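Two complexes follow with chain A in common, the first pairing it with chain B and the second with chain C.
This part shows the complex of A and B:
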């Protein structure tokens, strides 16, 4: 699903009016992994909440497929928008409250009375999409491991069959094994299920290798936008805005300052080691 | 070296689930210990047992006091703790009252409380947010406030339980630098619990916990070279350590480098 921001601003309507997003014009690339970066308070959360209509822009327009989200008018068919754009919040498992995985995943669909005739199949399909099999259906979600809980939470959104999946800090609180597992899951959702993925995360060390498009926000403005090479070319600018770059990018930049050699987009230590081997 | 934490034959079950089945662990005064392990390895349970929040079969001594009902409050005054989610630990309606709260609990007078709060705020460079409401702060600022509340009581032991995992890496660096300073100047005993070996580089002891057992306990640099264990637990080595070890295999470097500059200067003289 194409998503386009055109001159989007958002101002909080509180006592001290605060413009948290300022004239953002950018695109989310369809069926790719889009990563939103920025220090705390840069407007990342507002950015994603605008995409599924949880917030409405104060100025400008957002096109999400055929939906137009603009000014303060009501969005037509907002229910369908929410089905098309699935949002997984931070620590989603904290909101579990059903006694089985099956009921937990079914809950949202039952609530919206959404195509109930296909419910069972949908639940199994979405579990499979996150790499869990049918044996999990009758498990108590609270007794699963942290990584599994996170997957069930994602499945409970995938069950709506969204075209866009937004993940807010998906790796937070997980151990290394589960983080890597989740990265593989995100890649599968893109490749095999053609999902447009949008991730907000601080965890660049694991997510950097999989991003296709980066949107960097700072103080509500669009600081940079593009693929890995375009965005991480100028790390001074990123650092100036308190954005910590992945260690491998930092290293490659340091090498290039010292010597004009061919190190490029290596995103893991094995490739980097080989590149150094060829260049010393 | 003087022991500050002594744990002997610690046993704890969670329902039918055995978390600890005879754990022994001593921590010396002034050490900075990192405890790493996968989810479910018992890290947080261990901290709760030390704080007396959970009760197991054990002999735990903290700063020469045996942990029991009578000594519990005395022991808690010696320990400052910062948890993963700062939202769960605020009690005051401003940053200032929040930091002051733990001092009021130990019965200090107003003048002394203000003095201590100002001191810690200036040390952590959070003077500018003292009058704000805690829940309006950014995640990184919140965690600095939580650290201030933990430090203001002048604890003998500071525990950070996954305290970095939710915050911006920029603030994480900032907080790690603060810890480095405190550790050096006050000889405070620090325990950091983390998933990320990158966070353990500053500590002088690294313990890897798995299923309630200490798998390995040593200097971080020695632990990093236990390839089998690191691989088995699917841990990621810190970037510079990982790269150094790979380059060492091809004889491109002869030791582990922690600084990018040093390594680059060695490779391209």
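This part shows the complex of A and C:
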């Protein structure tokens, strides 16, 4: 599903009239992992809520597949848009509203009038996809651990089988194992299910190796857009805009600066160690 | 959706009204509320509203915020008009007076909350209730409960917005949906709202406990609001407005 921003601006409809996004023109790469970066308050969450049609741009247009999201008050066939673009919010525990995991996951599907026998299988499949089993079906989602809550939130979106999956700060509050599980799930969704994944995160140490396209926002403007090499070429610029740089990129840069060693753009520790061993 | 809910929001400014002692503001607000409820003449209400416009100008708070506050209760106003017109069979003048009473009440409470920080309101309530200490009532606790209740209202709206957005991303669109969709969204929002509110209250109680709230004999204040000449003037102006309303009503 193609997603394209054309001169998109967004101003909050409040007293202050704060412009949080300023003339953004960019593309989300289809069937790849797109990572949105930026310091707090740079407009990342607004950016993803615009894709889902939760917010409407003040200026410009967003093309999401066949949908055009403009400044008109209503989007035609918005339910289909929400069906195709799944959005998992930050802090899922604040967004659960059903008494069991099963009902929570089924909520959207029931709203779309899915047949129950089909629905049950889909709920179990989506739970298994995130690494939870059937024993969770009758649990209260508010009583689960933070990692399990995040998984249920993702399952409640995966049950739609959306073409685009958006995750807002998915690694916050997760332990190391849950983070690794999440990374594996994201890679599986991209490779085997051909999903377009959009992730908003500060936790680049975990997500840096898997990103295909990076969109860097700062103060509502597009600072950089491109692949790993293009975006992390100039880490001084990123640091100047308070953007967290992965430790591995920082380490490579320090080695390059101090020892004048020729290195490639290794994205995992093992390759980096090999390169250092080769050169030193 | 709730961006325009102005209830209990503070507006940053350094206006004269922002600098007034919270106790003086609460006393003035009570006096003005009494003034609103004793008058029954449209002309006196117009005079009172003119006074409010001057105070709003002095407070440097955008007039839009007050208009949004009034808009927040539009359903209540419509209900009152329909109820009094069709069931109580009141005439237009009496209905106008009822509506003006409600609007004045909203403006006075908004003036207080837009220009006073929540901690100052707490201190102000404590000072106003101070005479009740003779009856050995826990004044500090009552003041804290009132100010915490006020402080939590915007948080609850933010919470409601998050749940509505979560529902919208799964097909229920509160903004664009029909009446049935809106009812589903609202009904499924109530239970989690209660649960999360209790959870927040529990967290807050724990936070207060770890900061040793209630373990010391006497709590002292970080900021001491001194009573100034301006505070006395504000209270006198309010009393003057009350007298004007009483005299106007008698004549």
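As a working rule, the second predicted complex is superposed on the first by the 245 of 280 C-alpha atoms of A that agree within 3 Å, B and C clash if a C-alpha of one lies under 4 Å from a C-alpha of the other, contacts with A are read in each partner's own complex, and residues count from 1 in each chain.
Everything that follows uses one rule, which is that a contact is a pair of C-beta atoms (placed from the backbone, for glycine too) under 8 Å apart; a residue touches a chain by one contact, two chains touch by 3 or more.
Predicted, not measured: the structure shown is a model, and the values here were computed from it.
With both structures placed on the common chain, the touch criterion links A:121 to neither chain B nor chain C. Contacts of A:107 after superposition: chain C is touched, whereas chain B is not reached. In the superposition on chain A, A:251 contacts chain B only, with no contact to chain C. In the superposed model, A:12 makes contact with chain C only, not with chain B.
Contact with chain B, but none with chain C, is seen for A:270 once the two complexes are overlaid on the shared chain.
Contact with neither chain B nor chain C is seen for A:236 once the two complexes are overlaid on the shared chain. With both structures placed on the common chain, the touch criterion links A:41 to chain B but leaves chain C unconnected. Put simply, chain C touches chain A in their complex at residues 3-4, 62, 64-65, 68, 159, 162-163, 165-173, 176, 184, 188-189, 191-192, 195-196, 199. Taken in their complex, chain B has these residues touching chain A: 37-40, 84, 138-141, 162, 165-171, 173, 195-196, 198, 233-236, 239-240, 242-243, 246-247, 250, 252, 260-261, 264-265, 267-268. Chain contact summary for the complex, chain A toward chain C: residues 12-15, 49, 52, 54, 74-75, 78-79, 82-83, 86-87, 89, 91, 94-99, 107-108, 111-112, 142, 156-157, 160. Residues 39-41, 145-147, 169, 172-180, 202, 204-205, 242-244, 247-248, 250-251, 254-255, 258-259, 261, 269-270, 272-273, 276-277, 280 of chain A touch chain B in their complex.
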